[in-house]
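See structure below.
Read from first to last, the chains carry the letters A, B, C and D; within each, the first residue is number 1.
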Amino acid sequence: MRTAEVFRLTMAHPGDLSELERLIAGGTIRAADVTAIIGKTEGNGGVNDFTRGYFTQTLMGLLSQHLNKPAAQLIREIPCVLSGGTEGVMSPHYSVFCVSEGVAQQYPSALAIGTAFSAPVPAEDVGRRVHVESVAAAVRKAIANAGIEHLDDVHFVQVKCPCVTVARAAAAIAVGKTPLTNDPNKSMAFARAAGAFGVALGLDEIKPADFDDSSLLSDFSIQSPRASISSGVEVESNEVVVLGNSPSWGGALRIAHRPMSDALDIGAVVDVLSDLGIAAQPQVSATDAGRIACVLVKCEPDRRGRIRGSRHTMLDDTDINAQRHIRGAVAGLVAGVIGDGRIFVSGGAEHQGPDGGGLIAVIASQTRSAT
Amino acid sequence: MRTAEVFRLTMAHPGDLSELERLIAGGTIRAADVTAIIGKTEGNGGVNDFTRGYFTQTLMGLLSQHLNKPAAQLIREIPCVLSGGTEGVMSPHYSVFCVSEGVAQQYPSALAIGTAFSAPVPAEDVGRRVHVESVAAAVRKAIANAGIEHLDDVHFVQVKCPCVTVARAAAAIAVGKTPLTNDPNKSMAFARAAGAFGVALGLDEIKPADFDDSSLLSDFSIQSPRASISSGVEVESNEVVVLGNSPSWGGALRIAHRPMSDALDIGAVVDVLSDLGIAAQPQVSATDAGRIACVLVKCEPDRRGRIRGSRHTMLDDTDINAQRHIRGAVAGLVAGVIGDGRIFVSGGAEHQGPDGGGLIAVIASQTRSAT
Amino acid sequence: MRTAEVFRLTMAHPGDLSELERLIAGGTIRAADVTAIIGKTEGNGGVNDFTRGYFTQTLMGLLSQHLNKPAAQLIREIPCVLSGGTEGVMSPHYSVFCVSEGVAQQYPSALAIGTAFSAPVPAEDVGRRVHVESVAAAVRKAIANAGIEHLDDVHFVQVKCPCVTVARAAAAIAVGKTPLTNDPNKSMAFARAAGAFGVALGLDEIKPADFDDSSLLSDFSIQSPRASISSGVEVESNEVVVLGNSPSWGGALRIAHRPMSDALDIGAVVDVLSDLGIAAQPQVSATDAGRIACVLVKCEPDRRGRIRGSRHTMLDDTDINAQRHIRGAVAGLVAGVIGDGRIFVSGGAEHQGPDGGGLIAVIASQTRSAT
Amino acid sequence: MRTAEVFRLTMAHPGDLSELERLIAGGTIRAADVTAIIGKTEGNGGVNDFTRGYFTQTLMGLLSQHLNKPAAQLIREIPCVLSGGTEGVMSPHYSVFCVSEGVAQQYPSALAIGTAFSAPVPAEDVGRRVHVESVAAAVRKAIANAGIEHLDDVHFVQVKCPCVTVARAAAAIAVGKTPLTNDPNKSMAFARAAGAFGVALGLDEIKPADFDDSSLLSDFSIQSPRASISSGVEVESNEVVVLGNSPSWGGALRIAHRPMSDALDIGAVVDVLSDLGIAAQPQVSATDAGRIACVLVKCEPDRRGRIRGSRHTMLDDTDINAQRHIRGAVAGLVAGVIGDGRIFVSGGAEHQGPDGGGLIAVIASQTRSAT
């Protein structure tokens, strides 16, 4: 029976994989079991955030040594989904998702993991319908890979989508192609929208006829409460990680998710913990905190400029990028309830959960005594 | 019997006092009753944050018209304490503290307000013992002004201290004086430390022999859980606002405060609300939120680089000032519990509450039905 | 005979008009002669730069006292064109343009100044053809006001255009209007494009049939080498200042301009000085520097991501706004040639001079011995 | 006869060494000849700039493959001096310094290169006398390595010094040591000062008795016009590259240097080019630009807050680090004269050239027809 384990590790800087190295050397982690990585690095989270590439290069070099495979091959087999930006109380860390065989079943249902990669997405396709369909196909592949039978059992779909830099846009234009935009931050937003539509399509939440190119970043009634999309310059394909619960998996972990209605939705945080049998009154106890393996959050500065009627200034700030603002705020809230800054809070939640809000997913042990 | 009222008003930009204008024009506020202003403007909160000066100039111009006194005089009579930086979910707003006569007593004890101004602090004194003593004297004057008899009844002392800019430092040096530093951000930190020591001294929390110049920004066991200090280029004197409860005041408002042990201390937020008879499970209800008149928070990026054992990156970030980071995070937490972004969260909490944490004070109506 | 004078004054902060106050008090400047202000304040130059509003409020308050007219009227009569952002070696300063009567003619032709205001531009019109036409009409009015007969004698047309904030966009949408964009930085760019097209149209450089809505920020072959456009939240109308030379004006000043082909075009700087009889080998001498009254520059980060074949990183930087980058770089170059940081360098040069470059205009005395 | 060559290569991102890879693969560069790298990466240049570490890891991995030596050894043999921050018109690039044997002498004197590494510098030593002496010893070693006989023939000494992060400071304090500061940006400044003093001492410009610990960042009359110091979190030892001219070296290259008196000192730029027989009237011609192999500049925001009497705002800016400001400005000036953005402009010039200024060194071919 396949079993999923999650190791949440810290790093001293984006090139520091020493904790993973130590766990592999000590036998706690088998390098061959590493299936996916989801982490937060301390960059700015924007187009010129190279902490993600630095971490990825270091990770693939490390695994390459242990697996005796070229890094260039591993990077196409193991999704490494990094979100830059550890604003405020967030702590740089990465969660290593491992899948192994042979553990006896402990619970009726347990965390299941599946991954998939699409073909590279050309610059001129980014943020368009063809991009959406490319993501949807990869999502279905990853669900099959996880062996999850019911789409309802999928709780979180992480997709890393490529975006367009000024250079990539210029290259595409030079050969007669027309990228949607040559503004890199705009491109990242369209790529995230395409990812969210792709997840919704892959999960049958929407139908092919429900949208066209113009719906992206425009019709915000289209949304998937289970989609978490990052976008970055360092990938060329869509990389997909599907997380759900399945009776055909062993292990103690379990995942739950909740949409967040806005950036102040502390109720969603408390509720998702409650779904996993964990109380927060007002903070998770140290014992229960030990059961939490991974916290995944998407958030977004409200486009309409207001939160519950009060004006916010995130979108009008020329000094600090709006995504950095919202990540810092929502991380402050979630970390306060959890009592831990090692949480994955990622901005750019367009079409991922309610407009102006986002979503939260938590993975925790079903065993009361420890992780 | 003196009665304190607090009007929490929003602004469209730092020069927009139209809400106050409207309330004065409509007779809701008497210009002569305006005793102090505490607000958040949408600047960066640093040395080059001119939103505070802009707001103050506009405010004093407005009151000058209504009171028929020169603005230059009013600015020395009415403390206008602004903290720049509405990171994340915070909403630019200002609380107008009004004191009037003649309302009958409703509760055994109610919100009391007192203010005071010190003489100007020369650039070379900023952040030194003489600065501390100047603050302490002003605090005592403000307590007397409020008519609060027991120091225990003081819950919040807001001080705005002058700091040193490169230009002020150069001017002082030119006449043979030696400012403590010519680094403006460093100067703001020393000024805040002096303010906190001054409050502690004024409240008899510490004795004159307990510290010398070298204790500031160094001995963090010295702290006042009731001190909230801002520093800015736009003031030359220490401006003090004392808030407490007193049996000799009428009105429905009441204040409580709690120290915050660190940036994740959601318990302090829930507890201070509980002190005022307001539940947060996990969020304050809309009805109870209507009772809350003012939320005042101080916070600080932990100097030791860790929060509950996990590394944070606020102090090593060259792109975003550490104070902007921590304000955004703590505001995210507090606003999530309160359900409202119109909160005053100010960074630079050196010696103001526990090291690495800070404090929270809330003013709320004792009357259950309304504001 | 009308005579134009330019006083270049420094400020300690955006609310500091003490130099102007002193010159008025001392009789050097007659308040009634103040016709326009062009200056650099130390904000970020973006949507949330309130240094411009602060300065303007202070200026109008000062002139109001001296002219015995309400500030609200003056703000509609005296263009106050401020560009935020004194990156690098730039020094905050403002040039006061004064027009007086009665001085005898010194030179065959001299600096002429004209101003005009358009009606307010609704949020939904910003960046569209109707905005262009509104600017063009105001430009023609300002030329007439200056009494410049030949369009060739116009050397510099400064326009300040209103833009759309998130709040203004929301307000327009609420009443059924459709702003071009609700991204404030994007809106500022469209507003600047409309201003440049308006100047080109007003100067007969382009014809009404040469463009439509879609040409703005798209057809960069349309450009005016004499247009300098700023955009900001603090204005609602287009404010126009026309500068040229005219035989019907007295005084010693003269203006010249040159297009800048890119951000490295030091030749344009040297050439425009040469047009005024000033040598830079490599720097203007202290004596000649004394003849220079005002330096006005527009610049732009090259949209194609390269300067002379080498990749630049301005457009991909999430930490520092691209306009701040380019202003700092071009100001470094121009200030190095002039030997003075009191120069007006403004970003956002879309359609203002060659694509990826911009323009420079200099006003200098024709008299060799002094200012 | 040893011959020095310099290859100035571009990169698409900090992990892109493809140009070097191509030149090695094509036989233009022998991997074994690579002696040092000096480059500009597109980070923020501060404590949390990881583009330097990313580039270095990639470089050492590449050379490791070609040289069949572990990267961990190469990093202690080949100085890789990177300065983060390509503000404004600067283009990310790196100069590969190669030394080979056997070329016949072309000119009486030619570019000579020497390198050296010190032992690691403990956190508590950073910025103190023992740090200075460690640098001085390494400088002397590098001069010997270059075979330069007369100290006057040394024109540029690049040192990369370790600095202290919050984490390193905490670790030192935990074992009873006292770092000079735990403010990382302050630490970087002290490290650069120690490097500059070390160069001055190594070049006999100052004597051991001329300074003590308190002179660093305090006595700015102590300065070396040939010292270029960077500081970063990614190194633990001082890494030294000495560049000079020597009759015992072959090749066509030659180096010259000039102090820069302030950030507007365009004369120094023109003069250093003139020293190499290159005219700039006002810009270097395309032909002569082809002779220029490397441009190295150090600069500094004037600590006194003024440049030639005019106030600058770099030191009071909470949004943009002062070093980013000054790099952008000085690079704008130098690139304008050279006509090329591929220049190394590094901030933090404390004690490196005149106070408030810095220095410029240029390497160019003595052969008129080409590089």
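Miscellaneous remarks
Definition applied: a contact is a pair of C-beta atoms (placed from the backbone, for glycine too) under 8 Å apart; a residue touches a chain by one contact, two chains touch by 3 or more.
This one's a predicted model, so the numbers in the text were calculated from it and none came from an experiment.
Among the pairs B-D and A-B, the greater number of C-beta contacts is found at A-B. Placing every chain at the mean of its C-alpha atoms, the farthest one from chain B is found to be D.
Centre-to-centre spacing of chain A and chain B amounts to 39 Å, using the average Cα coordinate of each chain.
Look at where the CA atoms of chain B average out and do the same for chain D: the two points lie 46 Å apart.
The set of chain D residues touching two or more other chains comprises 12, 42, 44, 48, 167, 311, 313, 316-317, 319, 324.
Of all residues in chain A, those touching chain D in their complex are 12-15, 42-43, 48, 50-51, 53-54, 57-58, 61, 167, 233, 319. By the touch criterion stated above, chain A contacts chain C in their complex at residues 44-49, 165-167, 170, 182-185, 303-306, 311, 313, 315-319, 321, 324. On the side of chain B, the complex with chain A involves touching residues 10, 12, 42, 44, 86-93, 263-267, 269-270, 280, 282-283, 307-308, 310-314, 317, 319-320, 324-326, 328-333, 335-337, 339-342.
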